[in-house]
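Consider the two complexes below, in which chain A is the common component and chain B and chain C are the respective partners.
On to the complex of A and B.
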């Protein structure tokens, strides 16, 4: 099974986003590096708008992810409500 | 010369304040948590107030609601000073732009005179109701307990002051200063307004901050906002050709949608704490929402005449459904 990953800058804004990702993806593994957080997940990782909104208490546009995004790997499947990384195999 | 670069990860000795680590575990706290939790003065309150020696200066037992931890009543919007002011400043910009738009294009003059009259009659006296809501929420903030709960009430109080100001500006825009004087006269002497005025004045003297929360934020606002801003302004007036009025009250509609989530969450969390709490909230909600629906009836009639009863019945049903989601059956 291949791994998908996404990496964010570690700051005040990304903390609730990372919490939301870990809630939605129980199989994901979190690596905290200096100033960066990388999340690995086996073959599939989903980021949900609704979960992030619960964490931050306001409306959230998934495109705001890009502000603190460092890199990612996997096919991206993006809708208004979810941002999914996966491999087609 | 060769230089080797190493990354070195330095773990901070402390991730956050001790009281937050005790609550949320050893991880960095959010600004909301830092600005809200365990802020309430709770110990070493030296003197009992001379005006009521039976209570402490800050006393959780002023209300009949019992919470093991008042900080459980957290605000789902996570408002603290910074997020609150930023959000409202953005909304203020939008409201200013809407007022400018309506004013500069003379949209109010295009509204048929009888609709302008209805808008004035319904909206302008409500500025006194909003002022009552301001006073009441300031009271809850002063006598309630737990910063997560009370700070949101203070924000709510300021919001209501804003609502009162927007309503005054609507009055000034449509009918100049005479509209405000006429609104005050209607509030004091108009037969339609006396039941609502009595409601507001009765809430002004409630001593239990949580009952006041239910009477003001749950029952009265929970019926007044849908009836006035959704049914009368957004539906009735707009469909008749007075949609410019809806532009001027946009803040109230948006604000109600937003604050409803906070009100619901406070009620739900307090009710889930114990059956005694739930019974109390149920009694209060039933009592005050009944009074509110009676008080609002003549005001809805000002605009909707014969269909007022149907509309109120409909809104009462959806209010009950909303409360049922908060585990409150009325």
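On to the complex of A and C.
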């Protein structure tokens, strides 16, 4: 099974987003490096708009992820409510 | 009277009722907005044939039957693009201002760290500019509307990367030697000839090969190693200017990698005859990209006084694991790992420091 990952700049904007990702993906593993955070997950990772909104207390557009995004791995599938990374193997 | 036509610029559907009744406004979803602002901008030509308008799309031998099958997973429209890119630029320049105002150049860990920045500016930044020119070209040469828009955005991204890198490092140029003539040095220093040759080759290729060279080799294989562990190392060594342009650029690269992978998948799904051509390009461009990485290996192992990880560790994460995941996935189309994949694995331990034997 291949690993998907997503990395963000470590800052105040991404802290609640990272919390939301860890809530929605119990199998995900968090790595903290200088200035950045990388989240690995086995084959599949989902980011949900609703969970982020719960964490930050305001409306959130998933395309805002792009501002602090560093990199990712896997195929992207984006809708209004979810941002999913996956490998088909 | 009801008006149900959405306004493409705002993505809002006006459901206005006449007189003094309620006015409900509903926002368009990402997918609908993308369709209106991207696919709807294309039209069927009538004055010229498609062959005359897109003369370079067939000679490489890639067969495409339906350009509408191309999809941009990020579904980014131009209006959203400008909004988020402007936000990235505001963040970038506020940090650069703070860095220069506070004499940030005096706070890096050691002088040898600057050697890594010189290599970056001489070898990589001109490459960003070359990628900008290349995407402006292929955005014109591809017939698909979704592809054209994605290439146009990437062309602007790459120009932004070259500019932000030059701006960020211009502060060092005020105080230290070796930064001023980077564009000339690209053509004169032996080690930058590797990167220059890579981009010259990509830019003289046809549109599909260019996409694979940049989208797969430069973005997927190379930039993750350059912009992620190296930039984290820049932060660790007190260089807020570089880490800022690095992460700001890499946030675009995430989109570029996705575009590159979509392009490979799209070509493979369109016609089985495309497979051997694509495999040949993957073999070629993996190796070309890997040789450019020789520069990054030295930067990571010798020029970061405080290290986040070694070159080998970075390769294991972003090369072996991440590349391996991609090739496992592409195996269902008949793609195998690139020729040179095993040789690359063997080279990792010595590529950052071993002298090439005289008998080779």
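FYI, the second predicted complex is superposed on the first by the 89 of 89 C-alpha atoms of A that agree within 3 Å, B and C clash if a C-alpha of one lies under 4 Å from a C-alpha of the other, contacts with A are read in each partner's own complex, and residues count from 1 in each chain.
The criterion applied here is as follows: a contact is a pair of C-beta atoms (placed from the backbone, for glycine too) under 8 Å apart; a residue touches a chain by one contact, two chains touch by 3 or more.
Predicted model only: the values in this text are computed from it and were never measured.
Peer 1: When both complexes are superposed, which of chain B and chain C contacts more residues belonging to chain A?
Peer 2: Per-residue touch count on chain A favours C.
Peer 1: After superposition on the shared chain, which partner residues are touched by A:69: those of chain B (first), chain C (second), both, or neither?
Peer 2: A:69 sits against chain C, while chain B stays out of touch.
Peer 1: I'd like to know which partner A:50 touches here: chain B for first, chain C for second, both or neither.
Peer 2: neither
Peer 1: Give one of first, second, both or neither to describe whether A:29 is in contact with chain B, with chain C, with both, or with none.
Peer 2: Neither partner.
Peer 1: Between chain B (first) and chain C (second), which does A:9 come into contact with in this model arrangement: first, second, both, or neither?
Peer 2: A:9: touches chain C, not chain B.
Peer 1: Kindly classify A:58 by the partners it touches after superposition: chain B alone (first), chain C alone (second), both, or neither?
Peer 2: first
Peer 1: Which partner does A:88 contact after superposing on A: first (chain B), second (chain C), both, neither?
Peer 2: Second partner only, chain C.
Peer 1: Classify the contacts of A:79 with the two partner chains as first (chain B alone), second (chain C alone), both, or neither.
Peer 2: Touch status of A:79: second partner only.
Peer 1: Take the contacts of chain A with chain B and those with chain C, and give the residues found in both.
Peer 2: 33-34
Peer 1: In their shared complex, at which residues does chain B touch chain A?
Peer 2: 7-10, 28, 30-32, 75-79, 83, 87
Peer 1: Give every residue of chain A touching chain B within the complex, in rising order.
Peer 2: By the definition above, chain A touches chain B via 12, 15-16, 33-34, 54, 56-58.
Peer 1: Mind pulling up the chain A residues that touch chain C in the complex?
Peer 2: Listed in rising order, the residues are 2-5, 7, 9, 33-36, 63-64, 66-80, 87-89.
Peer 1: Which residues of chain C touch chain A in the complex?
Peer 2: 29-31, 73-76, 80, 84, 87-88, 91, 223-224, 227-229, 231-233, 235-236, 243, 247, 250-251, 253-255, 257-258, 261, 308, 321-322, 324-325, 328-329, 331-332
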